[in-house]
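Read through the structures below before going on.
Presented sequentially are two complexes of chain A, the first with chain B as partner and the second with chain C.
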Partner chain A sequence: MEGGRTKSFRADALPAAPVACWKRSAGYVAVAAYLVLTFFVAQSSLGVQSLVLVAAVFGILAISLDLVAGMLGLYSLGQAGFFAIGAYLTAIAAADYEVNPFYLLPVVLVVAALAGILIGATSLRVSGLYFAITTFVFTLVLTVLATDLKITRGTQGLLGPTFPDFPESLEFLGTPVAWFVMIALLLALLLASGIRSSPLYPVLLSIRDAEPFAQAAGVRTSAIKIGVFALSAAMAGVAGWLFAFFGVVSPGQFDWAVSLNILVMILVGGINTTIGPVIGAVFVTMFPAVVNINPWLQEVLYGALSILAITVFPEGVVGLAKRLTLKQSKESPQTAAHSKPHGPIGGEAVPFSKKPASVVSTGEVSVDAGTGAADKEVIVECRGIVFGYGQGPKVLRNVDLAVKRGHIHGLIGPNGSGKSTLANIIAGRLRPHAGTTAVKGIVADGLSPSGRARLGLRRTFQAAQLVRELTTSQNVLVGLYTRVPGLIRRAAFWSLLPSGRRDGAWLQAQASAALQAAGAGGWIDRQVRDVPHGVEQLTQLASVCVAEPEIIILDEPATGLSAPEVEHLARILSGLKARGVTMIIIEHQTRFLFPLCDQITVLNAGEVILTSTADKVRADPLVRQVYLGE
Partner chain B sequence: MLQIVLSGLAIGAVYGLVGMALAISFYVTRVINFAQGQLMMVAIMIVAAITAAGYSAWLGVIAGLICACLVAILSYVIAVRPILAFDRFSFGWLVSTLGFAVVVENIAAYIWGPTSRAFPPILHHISIHIGSAVLTGQQLLAIAVAVLLTVAFELVRKHTLFGKLGMAIASDPEMASAIGANTAVVAIAAFAVSGLFAGIAGVLIGPSTFANPYLGNTFGTYGFIAMMIGGGTEKPVAAMLGGLLLGVLAEGANALIDSQASDWFPFLVLVVVLIFTPKGLFSSGNPLLRLRPVPMAQR
Partner chain C sequence: MSEKTTVLQLSSLFAGYGRFDVVRDVDLRVEQGEAVALLGPNGAGKTTVLRAIMGLVKHRRGIIQVGDADVSSLPPYRIARGLAAIAPEGRRLFLDQSVEDNLVLGALHLRRDKKRVKDLLASVYNLFPVLQEYRRRRSSFLSGGEQQMVAIGRMLMSDPKILLLDEPSDALAPVAVEAVVKALLELRNRGASLLLVEQRIDVAVRICDRLYIMTHGEIAEEMTPDTVAREGVGIINRYLG
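Now for the complex of A and B:
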């Protein structure tokens, strides 16, 4: 599946079509085979059935965890808690109030999702271990509640409802609960694989690995994290709903060790894969049934195996299988692709101006550069900016900056003079202690980085922030996030929707064209972890340009580029300027920067020394002293 | 009232020791050792086994503490080091330390059986009157030992090269190893100390819990709560303060609400503390919030 996707990301969508078609029919065959399997499970003996169905319920739980842990890097230990919410709600409502369990399904969905939103909103402001601990405490507390409350019947637990029978006409199908559980697992699998093949996937990974990059591309990262966590919680709740039909619901089935066991499942099976969590769930749940020895020794063996799996194969079963198959297929086709991009990148690239169909041109009705009145409009303005890190001395002291529409505005100064800090303040990453920033005449002080990105302001980072396990073109797709309406809504069914396929092809074409234009055309299908530093810079640039922004902040764009690449970069930037794009460029290579700039601001020790044209800056005695080194 | 406070402090000292043990290993490696409670159990089981074999209880105590240290080092070598070597920020240790706990617990259950065994009373049979309150010698010992160990730990941390090395590794392991600190040795030492603390906690509480292979989880959880409400993730000493507070609150809840209240009351305290001061009550800053290093580009 991984291979299929990278193939379809090629520049021209036409040759990719048969691959997609073949892939879809393979998908239909797999679903049909799954349904046949379900039929046999539904006919089988109770023993086999309970083994398979418990594994399937845990498969759903593992997929729900993988959505947040694999794609967003949020290691939730709260899955057992949401699982408990679903199971207890169902069991209590059915036992005490005799509610039809089917009416409870939407209730369970909503309650679990709300609990997810609540936990997420309180703990997701910071990721990492704090999130794991908060969710861990959530599970602890729920288990204690289930043990001590009267309504949950303490440690004894209570009996769940029985599943209604099929109507007579459908009785040949076998046990109804088996069908429900297996189809729920299928839906969970389809949901996960749908998201993985949608353009939302690179966006999610960018939130996981390079959150500043995602925010700079206009992604509301916190909202997406909370949303995906709520989805994951709802899935775990549904797993609990299904689990209630299996018999007794008691606190021991939902304690924190269960949460950790779900984590074991995805780590053993392969994190951030579609099928891995299910493989892990099958392994963990069936282990006690298959390995029939002394119960203590069996636990010892289980513990030892999980340590062994995580230390020796950190990528899990699927990761291992993938690496083995890659090793075999990598030999021949990769070498051909490898030799090509080693030459000077600038040489084989197509400059923006020669390729009007590509990135910056489509339908952008921007102000013509250099034409009278529009030239005077101030598009980015900082007034009285004061900023310092922590208790330290002030990095910026009362800085004023005014950038005019259509200008290239250089920002130079010695190291530590506050250039990048100022760029971060304009982009919204840092909040100044005093002073205001206006973008396009709008006071932007309250706007987040993603809010400013949606205003049409994009930026690159001094040290490229990219997702290393994705290809360069997938990284560029993140830059297109704001240009696809309803991306999140459609993500789960992306490859099934005609609009999804159409938009997908358009997105890929855009991303490839942007990379071509930036001069990284030879690296389109390469993972970012395999490309040199210069290509990372060009990928950043492409991901910014592809969004057709009005303002671009470039933080040392020429770092790590060879001389011909720098020349090519200068041509790209001139091309952007010709289309009316405003640029703020931080750079040390004055030979590259000065010819491009309309205006240059010189910073020294947090203060503006001078704002003027290149010639005047070069001639200024103070600038020569503090920066140019005379 | 005095009775509640004093017996609360006594049980709180045990929670605090387990919390400190968790905090010490976390301090250096940024790993929460889920097997911490099991280390305590190992000490208890060894003491019980050696005394049952007819040797002196004090010999048992020494052997138990040594075993707890050894198992702690083993947990680092088997379940923590390989994970951190692969990726220092990976969360794989959640799984591997739990796996280690499962292994240790079930080996103990296999060797000694799942039922409780006798534990030597040590000072449990002495009763001491303080004002209106009556404490056992064991309870007083727990409070005294906890205070002593806390002070000693803080002195070592602040005033010896080894302690400072630990602080350096805690804040930036790569930098520390760049200036020549052997991070592995310091980490092993930290795990050994954490095993020692957990073992001592076990010896202190053993006379009232008896020796059971499954008591690790309960005390591990309470130790975790002590660490979190105290803020021991930043300062291990804060975990002891958290533990003492937790002990007094739990005893108070048992006496004032109902006799089962200590089952759920600590969790309520934990939730309230985490909502209002996620950093913990006695901590100055919370390292959890800055676990992932900020890339230079964001500066």
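Now for the complex of A and C:
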């Protein structure tokens, strides 16, 4: 199945940019340098080794936390708990049952990941705060168990296994445990940077910053959160497995303070960066050894330095370095501004129908839609929808809506009449108190927003939901999520896989083309935080259209656009209609909306007062009174 | 032409975010009692001009003068104390607070002068009687047009020299747009000075005495509504798309 799909990429895969090539060779050089460093560490004295290796193990822990905290905004205080699972499993099995520790590695991985899934599944559905508390309690409970259980030998702890020696032929390499630890850290780094350079990265950030947007793009956000947390837990477990070889394993090494220290590491080093967590780990672990003073004073100094670092450089060491390099290149802001396509949106309109490679069609957009008998088919139907927020008055009272395939269906009404609420109910964000919704003839009441997106229903938001620190085109990539098979599976090795490079180029081309077509071609590489309101709307539109959906809900798409831009938008929407796409549009600019619509439903105070053609709506006295006011 | 005083004067203003100057070399003035519109395509820098006047975006070069005061180096909270006031895009009310609470917040710096706050409140209610009717109601229960009136009223509560409005007609039902336009015309009649960013040329033309067209961060042209009436909307549209 996948083979067939990937073949279609090849035809239009872009030639790899020289920059990517240069980046890759720089990566190889860095890995080689790292291995040389490892060689020297393995040869060095025991004191130096223990310092470096403990820092490396904590580096793995910090990276594991950064995966969830940096990319998903989930501040886990359970890393010390997973760390303990790895270390105790290894130490107990080796001490009491004399199991070869290497057989234990997969066991540790699985047990830690399962614990992660369990904790994630119970706490992540609620909110970030519950997650932090649950993980904190998890660590606390494990420390108590480790202190009280017989098998863990209480506060005294137990001795971990010794690491087997290298065979004679490899003895020149030095201490084997050093190699294992350093290579494990390297793998963790590669994993994190692999994810960061893959198209999964914008998807993860969209879960962190704009979850409704991610869900509307078909992303199963809960499953991904739990999955990434399980990965993070497994990494912390491996760190524990390595740590067991360092000597005694006792409860004090895994208490909640350790979890907090790991958090300090990523904050000091730079959250959501690849190398930052390692820098933070080096600082935190080596500080007591290097600054060898009165322990009381040392603690105070460490605390003060951490607070200072976090308050003065909130983006951490890596963020600070980035800011400094940026400042240097900022010497001539004017020239930069002039050289960039800067002003009005415009650009060549590339029709959406230009379909380079249909990877996964979200649905079979029937070609004959819009003509003939298929015209009569109802594609979205709401019946008897009742909804209210909390104890307040009902926002929707017994609303019926039937949208025919291939139609543009306008939804108008005074502010507060329930238009956006109805859109949210159709898209699955809100559950009605009564009534049913059917999409493409399927009763959709039990379907989540992402489930409905996978049915081919996409939507935009009135207040644009986008990741502000990503570029517009990276945001559009989120919209393409469902069209790339095996994205999650391949994410960690994305830039190493030929298929990843091919798909990456295809995705980029798609995103750029979609932005061009939406009329935001001049803003492709700009961060969303720097673009005006109207361009946010166009970015949303591009991220929706790029998925080639059958049904699109647009919530006030013309907001913030100038008259010519609105005209351009109307042309885009007509083009979509010509391709058989069904649209539900909420909009106040009737001059733009009315000529587009086949049918218009007028809502007032939560009730449908009329569904008819534009002319009849315009002529209706009640509509004139409550809405048009002419 | 004689006794006019300038309430807002921008002289070669540069402002922007990150590495980019979004606003470049902008000169602009608003006289006492005048309504001026700033039109232009998306990303031309209109909103940034308003934000720079309020001190919300740090200006990089140039002078911003409100009345006699040079506000270029003042922090936003000082500018908001009776110099300039803004009704931002999307209105940004405190939706869980009552109408009156939102209004009184505009006069936060006058809170010790109870009499003055009361007078200001009375004048706002005089301008928008509907707000007096709803004064205890939560702002989230108001219609969009009424919310925009609260946002305008909140500006008036700080008794500013100049009112800055960012797309007041945005995302409003046609009836509500009409109500907001009427309110702004009434404000103008009462002698307020307005600087308005608008996408809807028809709205701007009805309210304003002068129009500035901005493109690429610069003022491209200045004209009067008469010119637009004579030459047609095309004269502006060619800058916008």
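Structure notes:
In this text, the second predicted complex is superposed on the first by the 575 of 630 C-alpha atoms of A that agree within 3 Å, B and C clash if a C-alpha of one lies under 4 Å from a C-alpha of the other, contacts with A are read in each partner's own complex, and residues count from 1 in each chain.
Rule of thumb we're sticking to: contacts are C-beta pairs under 8 Å (C-beta built on N, C-alpha and C of every residue); 3 or more make two chains touch, one makes a residue touch a chain.
Nothing here was measured: the structure is a model prediction, and the numbers come from that model.
Contacts of A:462 after superposition on the shared chain: both chain B and chain C are touched.
Legend: residue contacts after superposition of the two complexes on their common chain; A:590 is shown touching chain C, with no touch to chain B. In the superposition on chain A, contact is made by A:413 with chain C only, not with chain B. Touch criterion not met for A:622: it reaches neither chain B nor chain C. Contact with chain B, but none with chain C, is seen for A:299 once the two complexes are overlaid on the shared chain.
Once chain A of one complex is fitted onto chain A of the other, the partner contacts of A:248 are absent, as it touches neither chain B nor chain C.
Across the superposed pair, chain B and chain C both touch chain A at residues 462-463.
Residues of chain A that touch chain C in their complex: 326, 329-330, 333-334, 336-337, 340, 342-346, 412-416, 462-463, 522-523, 527, 529-535, 556, 559-565, 567-568, 588, 590, 626-630. Touching chain A in their complex are the following residues of chain C: 16-22, 24, 39-44, 47, 60, 89-90, 141-145, 147, 167, 170-178, 199-201, 215-217, 233, 237, 240-241.
The touching residues of chain A, counted against chain B in their complex, run 75, 77, 122, 126-130, 132-134, 137, 140-141, 144-145, 147-148, 212, 257, 260, 263-264, 267, 294, 296-297, 299-300, 302-307, 310-312, 314, 389, 420-421, 424, 429, 461-463, 465, 555.
By the touch criterion given at the top, residues 30, 32, 34, 78-79, 82-83, 86-87, 89-92, 94-96, 98-103, 105-107, 109-110, 221, 228, 260, 263-264, 267, 270-271, 274-275, 278, 286, 288-289, 291-292, 295-299 of chain B touch chain A in their complex.
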